[in-house]
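I'd like to ask you about the structure that follows.
Chains here go by letter, A, B and C, matching the order in which they are written, and residues are numbered from 1 within each.
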Amino acid sequence: MDMQNLQNQLEEVQSQLETLKKGAAENKVAIIAFSGDMDKVLASFVIATGAVAMGMEAVMFFTFWGTPVLRDKNKSAGGKDLMGKLFGAMLPKGAGAVKSSKMNMGGMGTAMMKAVMKKKNIASLEEMIALAEELGVRIYVCEMSMDMMGFKREEFIDYKGLDFAGVATFLAEAQNAKVQLFV
Amino acid sequence: MDMQNLQNQLEEVQSQLETLKKGAAENKVAIIAFSGDMDKVLASFVIATGAVAMGMEAVMFFTFWGTPVLRDKNKSAGGKDLMGKLFGAMLPKGAGAVKSSKMNMGGMGTAMMKAVMKKKNIASLEEMIALAEELGVRIYVCEMSMDMMGFKREEFIDYKGLDFAGVATFLAEAQNAKVQLFV
Amino acid sequence: MDMQNLQNQLEEVQSQLETLKKGAAENKVAIIAFSGDMDKVLASFVIATGAVAMGMEAVMFFTFWGTPVLRDKNKSAGGKDLMGKLFGAMLPKGAGAVKSSKMNMGGMGTAMMKAVMKKKNIASLEEMIALAEELGVRIYVCEMSMDMMGFKREEFIDYKGLDFAGVATFLAEAQNAKVQLFV
């Protein structure tokens, strides 16, 4: 046992430490917003903004039924085929049009819930999206879902930090997040 | 290269190691019980109790439709406004009243499932909750959901380890858990 | 401060490093496939195969309504009791028979979605399962769900890497995965 030997061991330890540090999870929440139900999308934004308020980073991946929630009700896109037009017409156009997964009752339950939220000073979905933007919650819109449903980029809301991506891009982010949720 | 230098490097390594250890995830499962469907709540409890049986810690956060599942059918609360009364009346009062998300068929499917579970010695939801309490599964009830639905603390079941909290409290727990699930 | 002392400290550091390395999460995605809805099962497979394509490992646990999705439409099993026969008849028999959670509209919406996916060259659920097998995505079928629904092993698809297990087996895998999702 001599000093050279000690030095060698120490360097090995330092190298292993670097590997561990690189693999360590980032203080980040990664949410797959699959559902297009008002209550679930709202829950996603409550978690994402709550995470940022706690000093975490937050990133959301809107896919399948979550995708149309981010459409802008005042925007539209031309050049769609029949299927694209059908999906466009049948799915909710933006956060103001989504329905609750429970107690919707032909829209009455959703309206009731919105009224209660307003009275109780709970932020609406539109307000939550604005808050998320302000707090720097990053959003990806799933390109495969857009392709399937015939949505075009110009139909989506203006949101600083919104990008279009595939599942691989999201997984690369989620992989190193401390928290991942499929909503 | 001398001994003082080696000592300094070693101290640096020790300090980095401490940081890594502090950031390392705890052997814990954190479940967001958003759904109020019998099958999903049951799955949450199967996972939570299974985790404890494996030596992990388990904590659940009941929010939105999961909230009324923990009401005690023999308790009630006064002083509710109209909306609170409506939510109270429309949502299931406790674990015995929840319905399956599939094959409910006006309650027949839920009854059938309960009968099968009994016959196969699969624990009912009420039994799972008792088991979870015994095993030390901790439960948070979401304060925002209570506020929205007009639920009061005195309506909830007696459960050692049940507390009322906001999303931040839960996120602080989930952040360092090895497993997080949104059910 | 002497060399023996340095050596002792270094050994302590090495030991702590080993502990940290053992506890470090594996580059793995663990998915609980609870839902039997076409869209959600498809999303699970997109994530699982996408993860493998990125060099991650992927393991899925099919439970509750996810269980019948893996039945082989050309296989059947005898010796079932009445309840088992009922579940067998009422639940979809394999990936070709599952329905979308939204816009199913008596099957029309599901058919429409399948047509769009075909046209857009998005893999069908059956193709995704074949791809997952090829990529080495491992699958567990939940034994408690099989017991409850009366399913037998011989009813399931041929899939290299499919096994039957309880929740504990899956949790032991999920515990050390970087990503866990409840779908």
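Operating definition for what follows: a residue touches a chain if its C-beta (ideal position, glycine included) is under 8 Å from a C-beta of that chain, and two chains touch if they have at least 3 such contacts.
Small disclaimer: the values here were computed from a predicted structure and weren't measured.
**Student:** Could the interface between the copies chain B and chain C be described as same, meaning over half of its residue numbers are common to both, or is it different?
**Tutor:** Chain B vs chain C: different; shared/all numbers falls short of half.
**Student:** Mind checking the rotation angle between the two copies, chain A and chain C? C-alpha superposition, nearest 5 degrees is fine.
**Tutor:** 120
**Student:** What whole-Å value do you get for the distance between chain B and chain C if each is reduced to the mean of its CA atoms?
**Tutor:** 22
**Student:** Out of chain A, which residues touch more than one other chain, so two or more?
**Tutor:** 3, 6, 10, 13, 17, 20, 25, 180-182
**Student:** Give every residue of chain C touching chain B within the complex, in rising order.
**Tutor:** Against chain B, chain C makes touches at 1-3, 6, 9-10, 13, 16-17, 20, 23, 25, 32, 34, 36, 63-65, 83, 86-87, 90-91, 144, 147-149, 166-168, 171-172, 174-176, 180-182.
**Student:** Where on chain A is chain B touching in the complex?
**Tutor:** The contact residues of chain A facing chain B are 3, 6-7, 10, 13-14, 17, 20-21, 24-25, 27, 29, 39-40, 43, 46-47, 50-51, 53-54, 56, 101-103, 112-113, 115-117, 119-120, 122, 178-183.
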